[in-house]
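A single structure is presented below for examination.
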Amino acid sequence: MNTIGRLCTLTIYGESHGPSIGAVLDGLPAGAAIDWDEVRREMARRAPGRSALATARKEADAFTVESGWFEGHTTGTPLAVRIANGDQHSKDYSTLRRLMRPGHADYAGRVRYGGWNDYRGGGHFSGRLTAPLVFAGAVAKQLLRQAGVSVGAHILRIADVRDRPFPPLGVGREALEALSYRELPLLDEAQEAPLRAAVLAAKDAADSVGGVIECMAEGLAPGLGDPLFDSVESRLSQMLFSVPAVKGVEFGDGFTLAGMRGSEANDPLRMEDGRVRPVSNHNGGLTGGITDGAPVIFRAVIKPTPSIGRAQHTVDAERGEDAVLEIRGRHDPCIVPRAVPVIEAAAAWTLLDILLESRVWKGGAL
Amino acid sequence: MNTIGRLCTLTIYGESHGPSIGAVLDGLPAGAAIDWDEVRREMARRAPGRSALATARKEADAFTVESGWFEGHTTGTPLAVRIANGDQHSKDYSTLRRLMRPGHADYAGRVRYGGWNDYRGGGHFSGRLTAPLVFAGAVAKQLLRQAGVSVGAHILRIADVRDRPFPPLGVGREALEALSYRELPLLDEAQEAPLRAAVLAAKDAADSVGGVIECMAEGLAPGLGDPLFDSVESRLSQMLFSVPAVKGVEFGDGFTLAGMRGSEANDPLRMEDGRVRPVSNHNGGLTGGITDGAPVIFRAVIKPTPSIGRAQHTVDAERGEDAVLEIRGRHDPCIVPRAVPVIEAAAAWTLLDILLESRVWKGGAL
Amino acid sequence: MNTIGRLCTLTIYGESHGPSIGAVLDGLPAGAAIDWDEVRREMARRAPGRSALATARKEADAFTVESGWFEGHTTGTPLAVRIANGDQHSKDYSTLRRLMRPGHADYAGRVRYGGWNDYRGGGHFSGRLTAPLVFAGAVAKQLLRQAGVSVGAHILRIADVRDRPFPPLGVGREALEALSYRELPLLDEAQEAPLRAAVLAAKDAADSVGGVIECMAEGLAPGLGDPLFDSVESRLSQMLFSVPAVKGVEFGDGFTLAGMRGSEANDPLRMEDGRVRPVSNHNGGLTGGITDGAPVIFRAVIKPTPSIGRAQHTVDAERGEDAVLEIRGRHDPCIVPRAVPVIEAAAAWTLLDILLESRVWKGGAL
Amino acid sequence: MNTIGRLCTLTIYGESHGPSIGAVLDGLPAGAAIDWDEVRREMARRAPGRSALATARKEADAFTVESGWFEGHTTGTPLAVRIANGDQHSKDYSTLRRLMRPGHADYAGRVRYGGWNDYRGGGHFSGRLTAPLVFAGAVAKQLLRQAGVSVGAHILRIADVRDRPFPPLGVGREALEALSYRELPLLDEAQEAPLRAAVLAAKDAADSVGGVIECMAEGLAPGLGDPLFDSVESRLSQMLFSVPAVKGVEFGDGFTLAGMRGSEANDPLRMEDGRVRPVSNHNGGLTGGITDGAPVIFRAVIKPTPSIGRAQHTVDAERGEDAVLEIRGRHDPCIVPRAVPVIEAAAAWTLLDILLESRVWKGGAL
């Protein structure tokens, strides 16, 4: 299904070359103010055509709010957003119908939908479908901020260039939010030049590169989430793996924990100003699926953009024969910078849902 | 919530020291035969007390099927299973009420439930809750086998000892299933001795070690799953992160994709005996969230068991002061071997649900 | 939530005076042809301004399909529809903000949303929100027809004028579908004149009248649905009670069963051309929540339109004092004729979902 | 599915002749005290063998709480209950496998489950499955009481004997709860003798009778519930129609509204001690799907027990031929008295879920 969430649900629709893409945000609290300019700024972070590192294609991503907004506040009823697609008919897509692009969902999607899916530009599988997700995340980030929670992310790695990781106990909410003002959000600015060079090297080779995004939420109270199937990790990962190109998610020290001992991986607790606080954060702010008061930290790997200029072996699915494909056009040599606001959005929407749900159990016995 | 799945739902209940733990398996097809001895064998793989590498505690994990089973077949109505807890009152747990064990959910759970949760042995957060999951997975594996699908896993890493990874295009269903007959499922048997040594070294140090489990499903048709929120990755990861101790999940080449180029990461396709087949499997059998015909491969990291014999700094939550905790008793120095059937079970149940759902869309237009 | 369904979900958004109302239809089978002219005809049956019996307000209810439709077929991905609202700002609604209309959701909604809801024309509670439901139902009816199932309804009662009920074992699919071509669908055409008279009498009295709609589905195979919470009655009634003004739903002989004996209420079975067939249909085609091969028959009562021209006692919610309200404008003296396609739509969408789900269990053991 | 609810979910399992029936209650608030003796008393109201009006079969309905209960309070984790079935093997059910009982789900269920369902005593369709529902309702009633809400019901009608209806604006919470202490809950005690006579007359005729139960909830704040698919009516009716034998549900004046005018059906509002109060209650305490401050009132019709002593025409489903069935044994000539606590339970569980959900939106903007 194209709906996610328990109390705060997000339903996404659309194909990249249909009339519009959009979303229905249901379960938002009534009476919340939203700064639409800030939402537009978030949408612009994801939009193509901003940078030499990204595709030169221009997509406006202008949106209209169709419902759920009245006299400057949310109404509490579904907030629908519509993002018109531009230029829907400019290109000949007949090759795409036949030649399955490796690394894309062309073949899997063709089988899944019996060949009836809209294959133009990837259709419903297009990365363009992350635009309504960024919209939802931008709304969620504003609501979270009002609740004392900030979400931010940086590029931890692209190709072999690495930023330094987040300090496990946080950077402060202000510094975290400031990251989103940067075209290339990095903690170590010295990495910006080599990072640009790595992307442009791939571009020159008609190739692409992947990377890792690290995301953090500060300000979450302890005791949020659930054990088992609705653990914070379960809910965040369900959402994160819905973002095209994400192929791995890890929390806290993640895969590094495989080589650690319990005495290194356990986070001791201590009293601090009358409150319980973790002393370290190897578990990414989550034990038993529930927040423990440390920042929630996770990393998501973004695979290299599958659209590359080089010739690739594939099949002609209509003729049932081997073929060679050369994708022309302007592609992102690296999708990682544009994926940063998407990862933040995925986290923000999920955390908003968890935060709203905590109102139920925080109420205590009836 | 403690329920997961769309057409095939699993509801889990219980605390480690209550009368019983159990599960309700709803949506199973009617008329399926199940070999209960095989289910018992799977349960035994997870049960403690089997090995020098695990805790010496004995838990029988004997189960009774309470419903949904009639004259040797599933009825199609909910199949409930009950696993009685043994010895519920043998120990003094008053320390556990006060001293929050680092790395466990004691503190997070205490806040989450306002202090009302059953803290004995971790209560609802106990690893013992994976027993009903293994039961469900054992049922699912038998149904999947009847549909031509096999699920198996091996220990890819414990501490610094590493097994070789699965061949990306599979090992054959028979070899895959044979793995589960081994106490320490490894592809490279030469690693068994160093692996045992690594675990025993941690045990001798009153410490614990973590590891990585690699899991594969062979025989899945292409075109299973959904884009976005119900991607196969989304659904598998939601389930996998509900397993205590899992802190990271990656598909195909996973985090390694960060350093790869698109030309390396894309899986070319070719015709083979009239069918489309991927030539490589960097994407773990999944593109756009949907199976592409290659085996589904993923890895999950298991953090080191948080229960260790060493003194640890923590807080006394009742008195609101710092404290030192020494956990006594028999603990698993490494939970990874016992977690192998749990990871398989999580994958099997999820894949069964996806497979059942595919019957809807495979029906075509009405 | 504003989403309903299991495999085939419907999400509705909008307020009567916002930019648009609409819906996302998710889970439709791929490759289905839809006759949009027929959908428009269904929408016109619900639209106001068609008849002397209804409000003279004109609403175009023109729709655009935003996604999920490609080259003349459904794609299998979400089909989004947008219905622009006309004239959004023409009226002074400041009275409505203060004076709570009896029988409407003004007061309940104001409390529910903390006063932030869009109160113009009822906002999200407006009967106008049934337009996207009729759209969804019109799509579902076409898909059901392809599966051999027809849904139709007639006006069983308005005020004290009564049509004859459906014959319990059906009228034939053709006759059933033909009902929808009539402005006032009645089995006994002799009732049309008195029915019109009854509505106009209420209109002349600045008042309104209610009625009962009887709906039937023919062609459903036996064995569809589930026991307990997903019984066909449970699912139909959840949907039907979401239609504003519905205050009662009964299946088969419904409330009349209270005065019957078991020997009268049980439907005997017999063999007919090698198939099991019910001889009578006191249970409305449903036993144990599951279809039994007889037509599914139910009735829904529609309360009199709450908007009436007479002065009514109410409160001024802003000033916290008693008040008298006189609603001006053009109102429906009877909503029942326009509700007929809404009831059909509610039934059709629900039955489509149930029919799709039956593909899973009809597949047998794997 | 056999799970219902949003924040507070109920999962039911079992067949009447399997080892046990039971339920998992998930999402209960932590720290709630429950009086198990009161729960047992509610269970006894439903249990057979109590009265000359009901079957003489004895079922203990003793239950054990398997989880979610610790040191005298709910833990907030799933509360599982198990009700052992007595005497599972005492009878020859081979006739039941072949001869489909009219009015029961035998035929519909046989088709639904491909003949694999447990047919003994109706299996999963048995009225016995209402025992875990009564358990859940008894728990919910205690929690609702702590929140100032009471739920009660009376027999409005059996055969042609009628009790007087609830006063629309309530009877007071104490009087409402006192109803449940009576074997035959009636407002007009003078109807008790004729009511007994009507049931015994049916019993003497080897037949059965139906009736109507009227249920009321007092103390609900205004503003609870949702518009559209999660309207209070939608949620209550989904639950109510899962109770075997319920064939109709109406709120407020229900089907009588068909003959009323708007000026009669609208409930005027007035200020009373500074609060808005409805003056009448034709809408059953619900407008727009949301509570308006008046008591929630609804009625459910219970069809006559399908098990009767008379010979009935049916089919032999194994041989595919017409047959005559004579059901022997001790049956309920009227299930209505035993259904009263079931209807209350269905209402209580649903209202608890709605009440818990209201904590989210009552929190206002974040």
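Order as written gives the chain letters A, B, C and D; numbering starts at 1 within each chain.
Rule of thumb we're sticking to: a contact is a pair of C-beta atoms (placed from the backbone, for glycine too) under 8 Å apart; a residue touches a chain by one contact, two chains touch by 3 or more.
From a predicted model like this one, the values you see are computed outputs, not experimental measurements.
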Weigh C-D against A-D on C-beta contact pairs and write down the one with more.
C-D
Would you mind checking which chain's C-alpha centre is most distant from the centre of chain D?
A
With chain centres defined as C-alpha means, what is the inter-centre distance between chain C and chain D in Å?
26
What whole-number Å value describes the gap between the mean CA coordinates of chain A and chain C?
39
Distance between chain A and chain D based on Cα centroids, please, to the nearest Å.
45
Mark out which residues of chain B touch at least two other chains, giving numbers and ranges.
1-3, 6, 12, 27, 30-31, 73-74, 76-77, 112-114, 124, 227, 361, 364
Residue ranges of chain A in contact with chain B within the complex
1-4, 6, 12, 100, 102-105, 107-114, 124-125, 129, 157-160, 202, 205, 207-212, 221-231, 233-235, 237-242, 244, 246-255, 257-271, 274, 276, 279, 282-284, 286-293, 299, 301-308, 310, 312-315, 317, 320-322, 361, 364
Flag every residue of chain B that touches chain C in the complex, lowest number first.
6-7, 27, 29-33, 73-74, 76-77, 143-144, 146-147, 227, 355-357, 359-361, 363-366
Could you please specify the touching residues of chain B with respect to chain D in the complex?
1-3, 9, 11-15, 18-22, 24, 26-27, 30-31, 64-70, 73-80, 82, 112-118, 123-124
